[in-house]
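Encoded as structure tokens, here's the structure I'll be asking about.
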Amino acid sequence: MDLKEWFNNRKKNNEIKQAKQILSTEEYCALWVSCFQCRELLYSRDLRNNLNVCPKCQYHFRIGAYDRIEQIADANSFCETENDLVSSDPLKFFDTQSYVDRLNDATNKSGLKEAIITGTCTIQGLPAAIAAMDFAYFGGSMGSVVGEKITRLIEMAIVKRLPVVIVSSSGGARMQEGILSLMQLAKTSGALKLLHEAKLLYISILTEPTFGGVTASFAMLGDIIIAEPGARIGFAGRRVIEQTIRQKLPPDFQTAEYLLKHGQIDMVVERSKIPQTLHRLIEFHQNSVPQALNVEKLKNSPLNHVKV
Amino acid sequence: MDLKEWFNNRKKNNEIKQAKQILSTEEYCALWVSCFQCRELLYSRDLRNNLNVCPKCQYHFRIGAYDRIEQIADANSFCETENDLVSSDPLKFFDTQSYVDRLNDATNKSGLKEAIITGTCTIQGLPAAIAAMDFAYFGGSMGSVVGEKITRLIEMAIVKRLPVVIVSSSGGARMQEGILSLMQLAKTSGALKLLHEAKLLYISILTEPTFGGVTASFAMLGDIIIAEPGARIGFAGRRVIEQTIRQKLPPDFQTAEYLLKHGQIDMVVERSKIPQTLHRLIEFHQNSVPQALNVEKLKNSPLNHVKV
Amino acid sequence: MTSNKLPPLDFELPLSNLNSQIEALERQLPNNPQLEQEISELYKQYESLKKTIYGNLRAIDRLAIARHPNRPYTRDYLERFDPNWLELHGDRHGVDDMAMVCGLVKLDNYKVVVVGTQKGRNIREKQLCNFGMPQPEGYRKALRCFKHAQKFNLPIITLIDTPGAYPGMAAEEHNQAQAIAFNLFELADLTVPVISVILGEGGSGGALAIGFTNTILMLENSVYSVISPEGCASILWRSADKVQDACEAMKITALENKELGIVDEIIPEPLGGAQSGWDEAAANTKKCIIKHLELLSKETDLVKHRINKYRKIGFYKD
Amino acid sequence: MTSNKLPPLDFELPLSNLNSQIEALERQLPNNPQLEQEISELYKQYESLKKTIYGNLRAIDRLAIARHPNRPYTRDYLERFDPNWLELHGDRHGVDDMAMVCGLVKLDNYKVVVVGTQKGRNIREKQLCNFGMPQPEGYRKALRCFKHAQKFNLPIITLIDTPGAYPGMAAEEHNQAQAIAFNLFELADLTVPVISVILGEGGSGGALAIGFTNTILMLENSVYSVISPEGCASILWRSADKVQDACEAMKITALENKELGIVDEIIPEPLGGAQSGWDEAAANTKKCIIKHLELLSKETDLVKHRINKYRKIGFYKD
């Protein structure tokens, strides 16, 4: 799915939302979505009931952060953290529109305050720290808030000794925060190093699409890395590469399956099997964690920043 | 140089030796060697005075372990260790000839007791533990004695806090000691791990030829890896690879220069510059070693085996 | 289990002939009921002969069994150890070498990381797995999983069945020697228990690269050698016919390796070799691994234990 | 120092014109000695104009200076820091990426490991160095040298001058993203002092991959940004003409980076930029590095210092 398709998709989703506001009876809700991959016309409610996976071709539609967490976390187990953390405009950035306006637009379009949701939950009974990115908010771009929320989540996980699951979906760093965005790569990677030294499990889940600064930091640092089928994942975008090397790339380039074949990820797991896979992975690693480790022993940890 | 050339070379060397025994005046010693690479006829004493490097094409002739140490160590500084360690025949190995006979032949031909010489020396004033392999003894193959002498050298270096320099030249593991030879790869690598944990410098020098079990263990584990120009270095032999992949290999395949280009070694250094390069490397790393470390702190070290 | 009809191994010929005799008589049995006694006798002979033959295998016979195309491979063992095992893929640097299988496996109450070489069963699999010969990237994939185990304090089990590291052009270019050497270097000071099992072929440095372990187990008919018997014969005897001599001279069998102090325990195979009973081979292997995990749990310093084990190997006059 | 005759940068045009005037008059001087006064006046004007121009550079002017083809590159600095520096090569896994230069260097009494990106001077060098854009293998070569420094307790200096990590097909296949991420992960807890200097272009993740350090220094006319101004302009303004706007908006200059709390100190360049005085640029850089090595030697916990430095970066409403 390229950006154009994504815009079309978003337009359709908006139509669905708007439609929902107007229509009241179930019959009228029978809106149809055409599968991006196989073109099959899908009844939108059926699609949603199937976790937004096309029942015909298994195309995994992009989903929002809260939907993602709902699919993974046990019912009512999710407890959101740092929901008040929102972006400021440190660079007073203005291109064709001001960053402040773009932030407001992003919130209006997605209903979210930022491109990531963090919190704690249980996954089939096992506690975990979890984050999910939302491409619908500013293309899932990472600015100060995304970096800070991830870092705080990881620090909380260290203190509470929880495994960390991060579901990525991002176009990369947020240009409107300039160099501050770039530095979030270092900040989140540093936090993950502390998690690593605390011997805690970090599972990274890559979903359509994950690129740029997000893959070049926390998304590629999982102890275990999982990708959804068909998800496009990479460092540089396809067009940038094609312009650079002046040749066409193979169709499967940068897909989850390509990454698996090229040794970059541990497994491709279809959406419906993600919760049980996470459960098994967390269960497998939890008893092996030495219990003696505690915060005080992390001599280098700047955990004075943590709000628990 | 292939094996046939090497045999020819050895034959010539023998002729030279034999000649030396008979002739008494300098004029008669004017024996000539044809350069393996450029075919130039070289006066053998000139060649030797030039460190056995062809003055015309810089071809680096193979040299013996004692010659090697003489070139690297300061005059009279070399103090040999473990010279009494000699091979036994644990497998009672017999092919077309017994292993015991082959060992005797190797000693007669090379004047050495084993394929490696170890000891301590100074290199332009700086102390070091040093080992040099000798291809003329049993093709420089590694059996129990080579593995044991290297391991003891490393253990001594840990105790005395010396940098280690090993000059390799080997066809690989010694088949006549079967699995015991293979295990020397693990033994020497384990010793190097202890050296590493003691934060001591290990410089590996690869010379024509270094293959098989020796590259698959200590030779490729240098903090710094140096190779002599033109030296052939690899895991599998050229013919085995050609038979396996059924195609011709490029002429520079497995040369020192090929390895440099392919990121496997740090530098190619001509023979005459090896002593000063070693000196600079040892000098560079010596002050940075924390002085606090001592043997007792190496909790995992089996240094009870060390004879100092 | 596959039941490919394959020609018998050399030393199995008498058994195979006897079997043909029995089958011929059985075909005549409906019309000649008096043959029953004779068939029964031949069955007894067959069982007795099988015991005799498998009780007197030469090294070259064991080599043939170790390489038997119906012998269970790493994945066959993993499925029997833990049908829910989770596979980990890739070296993270561009390659997922299928000749090296890695996974998270439960052995009863033990959670372990398994790393093993994998041969292929059919042509396509064989090519995918490069006939069980890992590339440097395979060893680096293994190393990544060793480090994973180290982080989570999980014991490591390595399953070895490889002719050796692949001797190819790209393999050399990507520094096959360093891949093996660096695994040895990194295996040296892992603080978790590490156990290796030679399932079939233990081929040289390519086997040792995942075989520098606290405990080495060998299946009864597996072999472990510094070079392939064929390679040894061609270099030392300059003759491909001398494989049997090379097998004998190098002492490649499990028993000889145990006598040399390399191997800690030999895992029994079903009569007729592991290829004739995958479940039994896997059960015996699992049982033996668990036994040694329990033994190692009593060791206070597994690094020292491991380094010392190899420190002592070698014979020389001092 | 090379002295390629190159067309002047845009903002240097007035200077260049004045220079042409002076040269024209000087040619007439032998026959017209009375011109000497005028020439002398013009010289003063020239110097004054140069100061004015270089005292009022826009972000896009600095970008041009940062990319100036005569600007000194990493190797030029290294030669001036220590003519006897020893280069280390390769990632040990098959590639020696020339876009990443690594070596053992003495800075007066300090022994350090230097890791830096390298652009090429002439066409052949540019191709060898891939125009200063490392492949994943380049970052892994850097990491190997970081670990070398860690083992021997040597400070690390990284010199940054790169448009970014190479966006190529093989680079993606070999996991460029992971190469950068893993360097960040490993840089995080090095216990030695790590100082980075932006020499010219600090391009995005490709720069940060060797720039997660205790101290960040920038040369006066260097730039550091999350994406190239061209990339930013084409994405946000959808116009290649808006590079200047992108430069201003992203705050890419040394001064702005210092104001944002990213950069610790700005290293002065000779008037006219580092390209007009390599020795001076190198001397200033060396002096500043040594000053900060001394400052860091007073830090008791360099890991905490480093992680905390980045931990604090970011603006948000809480």
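Quick notes on this one:
Order as written gives the chain letters A, B, C and D; numbering starts at 1 within each chain.
By our rule, a contact is a pair of C-beta atoms (placed from the backbone, for glycine too) under 8 Å apart; a residue touches a chain by one contact, two chains touch by 3 or more.
The structure displayed is predicted, hence computed values, not measured ones.
Among the remaining chains, those touching chain A and also chain B are C, D.
Identification of common neighbours of chain B and chain C yields D.
Among the remaining chains, the Cα-based centre furthest from that of chain B is the centre of A.
We define each chain's centre as the mean of its Cα atoms; on that basis chain A and chain C are separated by 43 Å. Centre-to-centre separation of chain A and chain D, using mean CA positions: 34 Å.
Computed centre separation for the pair chain C/chain D is 55 angstrom, with centres defined by C-alpha atoms. Residues of chain B in contact with two or more other chains: 196, 220, 262-264. Residue numbers of chain D whose C-beta contacts span two or more other chains: 92-94, 173-175, 178, 182. Touching chain pairs in this entry, ordered by label, are A-C, A-D, B-C, B-D, C-D.
For chain A in complex with chain D, the residues that touch the partner chain are 84-88, 90-91, 93-96, 143-145, 147-148, 151, 173, 175, 177-187, 189-194, 196-197, 212-213, 215-221, 234-237, 240-241, 244-245, 247, 249, 253-254, 262-264, 299-302, 305. Residue ranges of chain C in contact with chain D, taken from their complex: 92-94, 136, 140, 173-175, 178-179, 182.
Taken in their complex, chain C has these residues touching chain B: 165-169, 171-178, 180-182, 184-185, 187-189, 204-205, 208-209, 211-212, 224-227, 232, 235-237, 242, 245-246, 249-252, 257, 260, 262, 301, 303-304, 306-308, 310-311, 313-318. Of all residues in chain A, those touching chain C in their complex are 196, 199, 201, 220, 223-224, 260-267, 277, 280-281, 284-285, 287-290. On the chain D side of its complex with chain B, the touching residues are 84, 86-97, 104, 106, 111, 137, 141, 148, 151-154.
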